[in-house]
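Labels run A, B, C and D following the written order; every chain starts at residue 1.
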Amino acid sequence: MGPEELVERIKSLLGDFAKDIKIWKNDYIEVEVDKENIEEVAKRMKEFGFDHVKDLTVVDYMKEGFFRIIYNLGSYDNFELSYYIVGIAYNIPRDKPVTKTLYYIYTSADFQEREAYEAFGITFEGHPDLRPVLLSPPVAELKPLRKDFVVKEDPEIITKKK
Amino acid sequence: MPAKPVNKQVPSKGGIFSKFKGNIEAIAIGVKFFFNPQRFTLIYPKEYIKLKEGYRGFIVLRKDKCINCGSCARICPAAAMRLIRLPFTDPKTGKTRMKLWPVINYNRCIFCGYCVDVCPTEALYHVPYHDVVYETMDIMDLDLEMFQKEPEWDTEKLGLPVKYVVDEKMGLIKVKIKEEGEKQ
Amino acid sequence: MSGIIRTQGAQVGFNDLKLPGMWSRKIGKDLYEIFIGPQHPGSGHMRIVIRIDGDVIVEADPDMGYVHRTMEKLSEVRTWIKGIPLFERMAIHDACNVTLPYVRAVEKLMDIEAPERAKYLRVLLCEINRIAAFLYGFGIFGVFLGHSTMYMWPFGDREVWVELAEWLTGARLTHSYPVFGGVRRDVPAGFTDALRKAIRYMRKRLEDYRKIFVDNPVIRARLEDVGVIPKNLAIELGITGPNLRASGVKYDVRLNHPYEVYDQLDFEIPVFQEGDAYARVWQRVEEIKQSLNILEQVADWLDKHPRTPILHDKFWKTAPPLYKKIFEETGRAKLGAVYAIMKVPAGKAYERAETARGEISYYVESNGGNKPYRIRIHSASARNALVYKYIVPGHRVMDLPAIYGSIDYFPPEADR
Amino acid sequence: MSGILDAIIKIITWPPLWQLVVLGLLVPLGVVIFILWFERKTAARVQRRIGPYHVSPKIAGGLQLIADLMRYMFQEVIIPKTVDKFPFIVAPLAALILSIVPVVAIPFTSIKAYFPIDMSYSLIISLALLTLSPLFIILSGWASNNKFSIIGGMREAYLITAYELVAVLAFLSAGAITGSFNLVDIVEAQSGVKWFIILNPLAFAAAFIGVLLSTSGFPFEIAESEHEVVAGAFTEYSGLVYGMNMGAAYLKRMIFSIMITVVFLGGWQPYTPGEGFIAGYLVPSIVILVKATILMMIFSFFRAVYGRYRLDQALDIAWKILFPLAVLGFGLGLLEAYLGII
């Protein structure tokens, strides 16, 4: 199954929910949806054969003012689908980072939603155990993966010592 | 030809006989190694491993080859390599100019060897050892003069050089290297 | 979905005991709470909070993050090449496997591909790393079950593979071997012979392992029917790697999304059906055997083919004569200065690879600059950590080390 | 002059003192130190290592154990604030003493003059004393007031129920064969090659595994299992007190080994005690100690080849395999007594 064919099938599966579908580098398909429909989309994708969340990525577009939440779905059981990763992406505003959890559809998203919560401060409504997983609570409050948390990496390659 | 999945089975649980056999086998192999231990321990300060050529150990600068390009400092992932501005007198023209020279901070170095690989004139090279002792953290931050010397390797004075050779029976065997490079 | 025990009652920010800066929670009166870790001999750099009723665990809460090094954030402030030594610190004994998808993702964005010889060399180091990592896992597993010989033997035999990796790359563990467009060194003279010897040695040793550990009745008693992950639950939780295949799922990135030259090599993906800790041990034994097969084929290929450039033409065409001379003499491919200031075209790429502990995936996004815009890593151990929460409850306290060891959890990899 | 010397020798060789201090404490202590060294060396050989080496390379690291002993002796003894101090300190001491005491009931010779206490129920007395010391391990775990200690203590308590009956039954089967609970009679009955290990291998196997269980030897090192309960009941102990705890386990194993030697391995047979101190007391006790040491070496070899069983599996083994085995051994003993093999 070529990527184009998969895109067609996803289009017919999701109908109007899919706002935009892009193919990146032949094996990564990014499907843009709306925040409101995410649960329905996830349910349909799971029935379609994408049975687990490979990873949950949040990208901070600080200048544009939104977070892009991407559930990268993969398949274990279906050999043809397992070649592809489908990223279900939707945007939420930076100043109100609240969204719905997919924990009850994809159990594999459990810790990853906690990670997104600690690193970006995104609240997943309905997640039963939303607390930091890697960071300690005081550090998690700084939301370290947001772009406005700046890490000072010494860019200077010329030293003045000695 | 791609990989193919193959279904496998764990051995069945078996009865008392297979349990008995398992116990006997375990004890037998224990006894076998008890009488023939096959060890290859390195007795460290008394022996040391003479590492192979190409080992990424400490880094030394050949100043005469350096063209002051700064690539090494730019590629250093740990920010251990830095450039320092020092006057340099050109032996041909006799003019003195300020130039940028690399210096290394071994507090930070991770021995990835990118600097050596990226150097366009092979002005940097690895010495094949890594067990060097510095007395304080300060002197690990080398200056240009120290950076040109191979660090002092005390292990060499204390012990005998050995090397490990991959062997079919033992895995690794310890081979003593004689002074002249003869093998025992 | 069935069989999953969902934790109840935990709310965001609960702090029953009013402790500053930490979460705390009251537990039932007849429960006993034990902290396994982080300074516990039975844990790695992590903590598992278990609540036990008698000898049976009723709830387990893995508390990771003790070796979190903010790799995703750090990579955003460093140039592209600096990511390689950074990411391989996730699992230093599995360095090539862990960094390879990152390198490949960046190569995808740059639309380049490594030369064939470099691909074979990558596979060579990947499989050496895989075997070494499996042996490492066996060692930890052995000591968790109190079997000290199984601790020492794999660690000693791992030395063979570490020695080979050192010979090939110049470093015992953190090889930083693959770079964008190829690898850094060609095989030294005499390497393939030593490799073949090591392969034959390892095959023999696996039989020894079987006798003293895998078929040992004590160990079998500890592992059989312990930590069973049924197939549907394994898929649901997104378990990965040998743990997944031991549960009967035919999924291996080398099979489903072949990378480098894995589609040209002849090897098997062993799959077990039982899904218990004992099947996971056998899974690893079988995978070592397959890795040895792969290594044999790679050694044959390398013997047949003379030395050709191991960096992509984009980098190697412009290389000065000195570089080519050094490559001919020593096999070291020197890197062009462009690596330090390289820019990667804007775009997104998703790449994964099969490490010793399972699938690692990288989401790489570039905005065309000399630094990544966003890199998301999800490592195998991080995915397997769900096992503690969903599989451990219902087992006895003494099963915890058995399950911990059998899923080969490696905290530094999970914490990133 | 010679009178004083004689008096001193007489005091030292006074059977109760000699037996308790020399045969009960000093010699086993020496054997335990040797066994600890042997255990480490054995494990090292099987595991392709060198083991203790750097302290004294010429005698294969033999002084390493002395160094370790010194370390335990001079280490600070930390008594945490939260522990119950009196039982915390007394429990390991009591456990240590109780592991040695059974030796007063074990005869090392058949000459009556050299019995510390002459009694006809020595088998039962020594067994009863031997099974006392684990109570104090439970006590020390309890007194430590630490979660791991309490779990370790509870595990020990479970194990007691498992091995006590097995060990007692297995040893008593010797009494069934001979019709006497006097250890001297039991040894005398094993003259020639009629050792009870040959006559009654079932009881011997049960006793052997029972001893492994009771002294937490591999594969039954469960109560101190490092990977769940840190050091079990001894988690909070340090320094000399910890060393006492550990020493008690090994001393107990030594005394158990002596018991097995006497009951199953023919005691001082094939040697027949003669007249005088040396021929009548010293040589037979050496024979017994050598046999016991070999037994100890076999026990410690298991460390190199086995992991540990789970607690419930150990109990399973004890109740489902060892207990029937011990009963069968007892029955076999009765049968042999009935047939008059002895």
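Criterion: contacts are C-beta pairs under 8 Å (C-beta built on N, C-alpha and C of every residue); 3 or more make two chains touch, one makes a residue touch a chain.
All of these numbers come straight from a predicted model, not from anything done at the bench.
Enquirer: Where are there more C-beta contacts: A-C or B-D?
Expert: So, comparing the two chain pairs, more contacts are at A-C.
Enquirer: Can you tell me which chain lies farthest from subunit A, using the average of the Cα atoms as each chain's centre?
Expert: D
Enquirer: Rounded to a whole Å, what is the gap between the Cα centroids of subunit A and subunit D?
Expert: 62
Enquirer: Centroid of subunit A to centroid of subunit C, CA atoms only: how many Å?
Expert: 23
Enquirer: Quick check: how many Å separate the C-alpha centres of subunit B and subunit D?
Expert: Roughly 49 Å, centre to centre.
Enquirer: If you average the CA atoms of subunit C and of subunit D, how many Å lie between those two points?
Expert: 46
Enquirer: For subunit D, what residues touch not just one other chain but two or more?
Expert: Only 46-49, 304-306 qualify.
Enquirer: Could you pull out the residues of subunit C that touch at least 2 other chains?
Expert: 78, 149, 156, 212, 216, 250
Enquirer: Any chance you could list the residues of subunit A touching two or more other chains?
Expert: Correct list: 153.
Enquirer: Could you list each pair of chains that touch one another?
Expert: Applying the touch criterion to every chain pair yields A-B, A-C, B-C, B-D, C-D.
Enquirer: Name, in rising order, each residue of subunit B that touches subunit A in their complex.
Expert: Touching subunit A: residues 70, 73-74, 79, 82-85, 100, 103, 141, 143 of subunit B.
Enquirer: How about subunit A: which of its residues touch subunit C in the complex?
Expert: Going through subunit A, the ones touching subunit C are 24-25, 27-28, 30, 51-55, 57-60, 70, 72, 76-77, 79, 82-83, 85, 87, 106-108, 110-112, 119, 123, 128-138, 144-145, 149, 151, 153.
Enquirer: How about subunit D: which of its residues touch subunit C in the complex?
Expert: Where subunit D meets subunit C, its residues are 43, 46-49, 147-148, 151, 218-219, 221-222, 225-230, 303-313.
Enquirer: Using the touch definition up top, name the residues of subunit C that touch subunit A in the complex.
Expert: 1, 4, 6-8, 10, 12-14, 21-23, 64-65, 68, 70, 72-74, 76-78, 108-109, 234-238, 244, 249-251, 256-257, 347-350, 352, 359, 361, 363, 365, 373-374, 376, 378, 382-383, 385-386, 389-390, 415-416
Enquirer: Spell out the part of subunit C that touches subunit D in their complex, as residue ranges.
Expert: Answer in residue numbers: 32-34, 36, 40-42, 55, 142-153, 156, 212-213, 216, 218-219, 221-222, 396-401.
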